[in-house]
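What follows is a set of structures for review.
Both of the next two complexes hold chain A, though its partner changes from chain B to chain C.
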Partner chain A sequence: MRHAFAVRIGPVGFRIGSDWRAPIAHLETLYRDYPKPLDGVPDFTVRLFARRPWRRFLRPSVEIGGDYMLPDAAPLPLRQGLLAAEMAMNLQMALGARRYLLLHASAVERDGRALLMTGISGAGKSTLATLLAAKGWRFMGDEFALLDPATGLIHAFPRLISLKNEAIAAAEAACPDARMGPLMPATPKGDIRHMVPDARAIAAMDVPARPALLVFPRHGFAPEIRSVQPGEAFVRMTQASTNYVALGEAGFRALTGLIGDVSSVAVDYPDGASAIEQVEALWAKL
Partner chain B sequence: MGEAVTDARVLARALADPASVVGLDPDGWTTLLAMARAEQLIGTLAIRLDGLAMPAAVKAILADARAAAEHGRRSALWEAEMARRALAAVDCPVIVLKGTAFVAAGLAAGQGRSIGDLDILVPRASLDAVESALLAAGWEWVKPDPYDDAYYRRWMHELPPLIHRERDRMIDVHHTILPLTARITPDADALIAGSVLLENGLRTLSPNGMLIHAAAHLFADGDLAGGLRNLWDIRCLLDEFGTDGLLEEARRHGLNREIARSLRLVATLFGDDVARGVDCFYARRLTARDGWGRPTRPATRLAFYIRSHWLRMPPTMLARHLWTKFRKG
Partner chain C sequence: MHDGPYRAPPEGGLLIAPLDEFTAVYHRASGITHLLTEPAPQILAILGEGALSLGALLDRLARDYELTDGDLTDGDLPDGDLTDGTREALAARLAELVESGLVERA
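Moving on to the complex of A and B:
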């Protein structure tokens, strides 16, 4: 394609081709400290393209394609091209990944053990992972945690952190030195700004961690902590995995193994500071 | 990346002659993998290249593809079993077609193959009973549009597609192998009479029947989308069963030209023959894919798209059909 960029995020290599320079320029800047795909062969190809030739210039509209595609994915305006690239990369993972059980969760690590946080959009996965990273935890990812069925370990997938709406200011306050992407107002998901994970997260991205704690956070409630029974945790995680069904028996074994290994806890929290305290207290008791 | 490669011939060559991949550079591998994914041949490629020397990254990608194909095989067989149970009380032969048939019969064409919907063939006289039994067992209509429904029932070779409400899998129930509006009218009764019983009570077409169906599907119906995979099916079936009595049987169904074209294009794209005449055009369409997995040659694609409608219905009927579709938006 006209413009191209390749990058490795954790164990996954991507190649992104684009009809426009702008999204590739953003990726080059934000992913500049990341390695290239293993052996020079990416796992997935992503394409950002104009449906019709004139749409490269006239109200330029970015279609999302690649190895794996959704038939009805809506195009995005060019000024949201970076978001289109990130969405397309996530889509390859969600539809195509088979080596790992994909958990829709953020992950941080301390002392070789991983804390997973999962929940619906708005539960605070990205925000909490960012705040914990600012307090000294190693950031492993804010979108997907990769569970290796062979070892039971969590592999990091520290792509750009996708901050939405109020989370943007919260993260900027917590990480004043962080490198940020362009602010993209009024996207289909609200205001979005991408943040580059800290240097430690990138340097250690090939180091997996043993999962120790699974948290189901809920934002906007009085502080409360409830233990989640294994059966409920298992079912909620089947819903939080995009490739659980596709992995078949390996997925079942990996997920039952995970639920058996970790404590599962629901955490209601009113604000970020309170959530950090609650999580640190839980971690200290493990 | 991969500027030297202009189309999917490199993929066809890798399938037919796996040793041809030795010495590929990273861009060459990247191109090959993207094309194979776009043509839904990545699982097949993974099986064909198994054991060859390749970079670790490629090895891991192909191992994933093999695992995915194995899961697809198991799911397809399970779906066939669900249909078998639903139709056990209907007194008619149930013939599984295409990918599901290849894996059910353990054929080379099924190795690594991606399998989408479940396709079955039943006698036209049993259609109503089959439809009722499937509806009772949890399948539902995908297209509740009255025009589409009426169109399928009057003119197509299959019922409107059904989807299972719990398993989310589609079934296409055929009563013959080409639309009723097509100029060629294969003898469905003869195909059913010649079908072969599997251990579980389901049936597949005879080897020649499978080849004739594959050729009809590829060259007498549709616009050749996904055609490279269909041609690879044919190549594997020919390899496994040979051509004994094939042309004679194809002639009885009016599909001898399609079979002859299949044989020539297999020899061209998976062998050393050089395409001649109009076959060149078919070869161009079948390999219209670039190193990013993008469809190429829009004019050729459009020509085959128009041809698919021309094959499918007489001009006045096509005009009426398009007018109705247009008015419905």
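Moving on to the complex of A and C:
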């Protein structure tokens, strides 16, 4: 394709090709401190392309393609090209990853142990991981935690942090020195702004961690903590994994192992500061 | 009523992971994960040792796990002969397990 960029995020190498320069320029800037794919060979290829040649120029709209595709994915306007690239990279992971059990969760690490946070969009996965990182935790990822069936360890996938709506201001206040991508208002997912994980997250992205605590956060409720029984946690995590079925027996062993190893807790919280306090208290009791 | 014998899938055909009151069971042949509650995991454990008729399975459940009528019927026991009710209830649980592929009719 006309423009291309390659990057490695955790153990996964990507090559992104584009009909336009702008999305690639954003990726180059925001991922400038990341390594390249191992041996130069990407695991996944992503394409951002114009369906018709004139659509490169006339009301340019970005179609998403790659090794794995959703046939009915709607194109995005070119000003949201960075979002298109990130969505396409996530899609390759969600549909194509086989080496790891993919958990739709954010993850942070302290003392070699990982805290996983999972929930529906808006539960606060990205925000809480960002706030915890600002308090000294190592950021491992805000979208996917990669569970290695062979070892039971969590591998980091610290892609750009995808901040939505009010989470943008919260993250900017907590991390005033962070590098940010362009503000993309009124996307299909609301206002979006990408934040570059801190230098420590990038430097340590090849260091896995032993999972210790699994949190199901819920934003907008009075503070409450409830223990989640293993059976419920198992079911919720099968739903939170994009490739549990595809991994078959390895996925079953990995997930039952994880549920057996960690404490599972539901955390209702009214705001970020309260959530941090609740999580720190839980962690201190482990 | 079908009296079996019933048997579990060939050795290694099931992966069984007790969680709490639920037990996760991975069925290798289909790749499907099942979530079972009492008495299904106990039935699978006993049939894993060898094929049994309905009556023999009932005896083993009563002996090994002290399972009673209520455990098999969720307390919804028909009036009349208790033993017949228990047999019917166990037959119903077995029929569910056969339907799901976790138990086979030998």
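FYI, the second predicted complex is superposed on the first by the 286 of 286 C-alpha atoms of A that agree within 3 Å, B and C clash if a C-alpha of one lies under 4 Å from a C-alpha of the other, contacts with A are read in each partner's own complex, and residues count from 1 in each chain.
The rule is simple: contacts are C-beta pairs under 8 Å (C-beta built on N, C-alpha and C of every residue); 3 or more make two chains touch, one makes a residue touch a chain.
Since the model is a prediction, treat every value here as computed from it, not as a measurement.
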Checklist entry - When the two structures are laid over each other on chain A, do chain B and chain C clash or fit? => result fit
Checklist entry - By residue count, is chain A touched more by chain B or by chain C? => result B
Item to check | Touched partner set for A:193, first chain B, second chain C, both or neither | outcome: neither
Checklist entry - Where does A:259 make contact in the superposed view: on chain B (first), on chain C (second), on both, or on neither? => result second
Next on the checklist: Under the stated touch criterion, which partner chain does A:15 make contact with: chain B (first), chain C (second), both, or neither?
Outcome noted: first
Next on the checklist: Touch test for A:125: chain B only (first), chain C only (second), both, or neither?
Outcome noted: neither
Next on the checklist: One more residue to check, A:248. First (chain B), second (chain C), both or neither?
Outcome noted: both
Next on the checklist: If we overlay the two complexes on their shared chain A, which of chain B and chain C does A:41 touch? Say first, second, both or neither.
Outcome noted: first
Checklist entry - So, does A:104 touch the first partner chain B, the second partner chain C, both, or neither? => result neither
Item to check | Partner chain(s) touched by A:67 [first = chain B, second = chain C, both, neither] | outcome: first
Checklist entry - Thinking of the overlay built on chain A, is A:229 touched by chain B (first), by chain C (second), by both, or by neither? => result second
Next on the checklist: Please give the nearest C-alpha separation between chain B and chain C in the three-chain superposition, to the whole Å.
Outcome noted: 5
Next on the checklist: Under the contact rule defined above, give the chain A residues that sit at the interface with chain B and also at the interface with chain C.
Outcome noted: 248
Item to check | chain A residues within the chain C interface of the complex | outcome: 229-231, 234-235, 238, 245, 248-249, 252-253, 256, 259-260
Checklist entry - Which of the residues in chain C end up touching chain A in this complex? => result 15, 17, 19-22, 24, 26, 28, 31, 33, 35
Item to check | Of all residues in chain B, those that touch chain A in their complex | outcome: 1, 25-27, 29-30, 33-34, 37-38, 55-58, 60-61, 64-65, 67-68, 71, 74, 292-294
Checklist entry - Inside the complex, what are the residues of chain A that reach chain B? => result 1, 4, 13, 15, 17, 37-43, 45, 47, 49, 65-68, 98-99, 246-248, 250
